[in-house]
Amino acid sequence: MLLQGENLTKSYGGLMAVHDAAFHVNEGEILGLIGPNGAGKTTLFNLISGAVEPTSGTITFKNENITGKKPHQICKKGIGRTFQSSKLFNGMTVFDNVFMAIQFGQSTGMSDKDARARVLELLDYVNLIHEQHTIIRDLSIGVQKRVEIARSLATKPDLLLLDEVMAGLNPSEVESSMELISKIRDQGITVFMIEHVMKAIMSVCDRIVVFHNGTNLVEGTPAEVSSNPTVIKVYLGE
Amino acid sequence: MQVVKKALQQPVSLILFIAAIIILAIAPQYAKRYTVISLITILMYVNLTMSWTIFSGPTNYISLASAGFFGVGVYLTAVFGRELPLYALAIMGGGISLGLAILIGLLTLRLKGVYFILFTFGVSALLRHSISWWEATITGTVGRFVRGPGNETVYYYLLGVTVLVFVTAYVVRNTKFGLALQGIGENEEAAAHIGINVTLYKIAGFGLSAIFMGATGAIMANRWTYIDPTIAFNPLISFLPVLMAIFGGTSRLAGPILGATIFTLLQEYLITSYPYYYMLLMGITLIVVILFLPEGLLGLMSRLVERLSRIKVIKEFIARFRSA
Amino acid sequence: MFANFLDIVITGLILGGIYALVAVGLNLQYGVGRVLNVAHGEFIMLGAFLTFSLFTQFNVNPLLALLIIGPGLFLIGYVVHQILFQYLRSTSITTDIFSGRSLLVSFGLLFVTQNIMLIVWGADLRQYTYLNNSISIFGTRYAMNRIVALIFAVGISVGFYLFINRSRLGKAIRAAAEDAEMANIVGVNIRQVLGICFGLGAMLAGMAGMLISLMFQLQASRGLEYTVIAIVVVVFGGLGSINGSLIGGFILGLVISFVNFLDPSLSLIAFYAIFMLLLIVRPSGILGRRAHAGR
């Protein structure tokens, strides 16, 4: 197991965003996380990436306890992530956004020349070389999400957390996103993704975890999950 | 180091810098007494504004604690001016300000935006009122007298600090440190997630900006013979560097220097020429600058340069100059 | 003993009323318009000085002067907003940039307004006496003007509270103050509301100024003191919460009155210490929404 979470709880005042949740991610798989709005999925990601500290519970990554560590530490351990509403350096260019990630995200330093070459490599990977000098603010949301993916890859993660990368994309963009995610996994990076676009999740994921009311409900292959009566009730009853 | 290499790659700027230092260094020998006093005031504001910009420029954390850091240095000299030499006071002033900055930094880790601004404002005010109370109730003094070295010494000490601030600002801006601060200013959460230790950089940056304010304060105290907490922790010292930095523009190193110099000269001119209206005129100038020159003087200058270079005659001249 | 206590309470309520009005005014300008108006105190002093002149030059009863000063300051605030801040808003890319720039513009406004007051009224302390006679309550004598100030301070505050919580316009303003984006979506004409809110803020400042002129000495440079008080009360009550500012103003007014009685030199220290502690522990204030903190 690459990543494991046990008895995770996060409460805000009296509100339990995540409650006694457990999950595990196997090396090399693409794990999907689905559930109705407000189920606590993004909060779970926030707990993993260190953006937020759990009220109780543990998170283990590569057999090391990473509970409560700060985001920059977790990044250096090998977990990268994207955000539901992309968090980029809005006043800087696409190139600089990815460049920053290489400068700070990789534990071993790289020469300036090599770093710049690497940025172009990553931008090519997500098909954004032609936009390298554009300021983030002037880009559409779909393109911004691709920049975020390139940026998160720049920190050489072993595990990539993707938070709704396909939200707001048209069908052909969804297709290319799915291809990109498979490509990333084939490179040796494990993927844990939150998604609402069912078609994408069902076809690209090896396993799926269903979240509801802050905790995990059901787990299994896409086929198992999509035919599970509890899951159907949870989604239809919404 | 890489930074040194970078500096050497800009020979024109480097030469200008060294020339400016030399001119400023010999100025007191040839200039009138009044000019030296003006220069002292300008250097003081240049130090404060440049220091302020080191942290608040890239991170957009507007700090109003400058009066606190400056005042700490001033008061240090007011209390120990007779016992300690000036260089010791300057170093101590810097050191105590650094400590204060680290303390504030640790307390305000979770504060952003307007809350951070208000807290730093509170620090300066709290220091002023607390020391007032202490002096009134415990030590029983009302104001302290400073009898220190003359204007020339003050001038050279200030110039020394100016050089230090400039070099520090340059190094920060052209290394990973400055890049990190910029990232924090653009999007703090993103910065944290790509491996930037946000807490460390924020506190280090804030501390760095405070050191030179404290040193400047310790030196400037010698210009005023009478010091009390209201003078030492004057709120204007918190606001003016902010205005000057915005006035000059924060995109390049020269911005704060330009802003501080011109603003100070403008202020002196207005106070002496229009004593009854100078606040009105300053206010209008400020409003006009903020409304129509959002990038400050630097923005204005770069736009002028752009306009000029578009004029056909100049374009041809440059082309001919290049091919020659 | 009881007389002392009552005295402190009355002073506390008068101060509280002034603080409440001043804070609500600033809150309207910042909460809705995101303008941190450091010139707020200048509008307060303007209201105070205008009352002074109306009384000393034209023999206008200060309480009636309210009818001139209220609308007058509202107009000034509205016009200033539509000319200066609206332009700034349209040329600022993000709200944070707008907040920073409007802070600096309001600085310019501070310089301009204070200079105008210095020119017209001079730098000396000014004061007028109105209703200086005293009346007797429960065997102790109280100055009439203090009683009147008390009635007006509480009256205006209560009136405004009812307006904000019961009237349609008031509720729209309150909604806009708590969440400007939502209000915009719901169809409130945001440009008008912003201008009106700024105007209302200036109006309340002017009214507070009139109350101050009844009780205290006036000086053109005293504006910033009141701005700071307003800021502290706003944070205490919660940025964006009008009710918070109303209640917070009275609470802080009473607290200051008590601390002043015990040891006047400590009151300012206590004031700032509470303020900073609040920012660290609970920046959203007593009634503010948690989500506001850190924006």
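To keep things simple, chains are lettered A, B and C as they appear, and every chain counts its residues starting from 1.
Everything that follows uses one rule, which is that a contact is a pair of C-beta atoms (placed from the backbone, for glycine too) under 8 Å apart; a residue touches a chain by one contact, two chains touch by 3 or more.
Quick caveat: nothing in here was measured; it's all calculated off a predicted structure.
Every chain gets a centre from its CA atoms, and the centre nearest the mean of all protein CA atoms is that of B.
Taking the mean Cα position of each chain as its centre, A sits at the greatest distance from chain C. For the pairs A-B and B-C, the count of C-beta pairs in contact is higher at B-C. Taking the mean of the C-alpha atoms as each chain's centre, chain A and chain C sit 47 Å apart. If you average the CA atoms of chain A and of chain B, the two centres end up 42 Å from each other.
In whole angstrom, the spacing between the mean C-alpha positions of chain B and chain C is 33. Across the complex, chain B meets chain A through its residues 176, 179-180, 182-183, 186-187, 189-199.
Across the interface of their complex, chain B is touched by residues 30, 36, 84, 87-88, 91-92, 96, 99-101, 103-105, 107-116, 118-119, 224, 228, 231, 235, 239, 265-266, 268-269, 272-273, 275-276, 279-280, 283, 293-295 of chain C. Per the touch definition, chain A reaches chain B in the complex via residues 49-51, 70-72, 75-76, 80-81, 83, 87-92, 100-101, 103-106, 151, 154-155. Across the complex, chain B meets chain C through its residues 60, 62, 107-108, 110-115, 118-119, 122-123, 125-126, 129-130, 132-133, 136-137, 235, 239, 242-243, 246, 276-280, 282-287, 290-291, 294.
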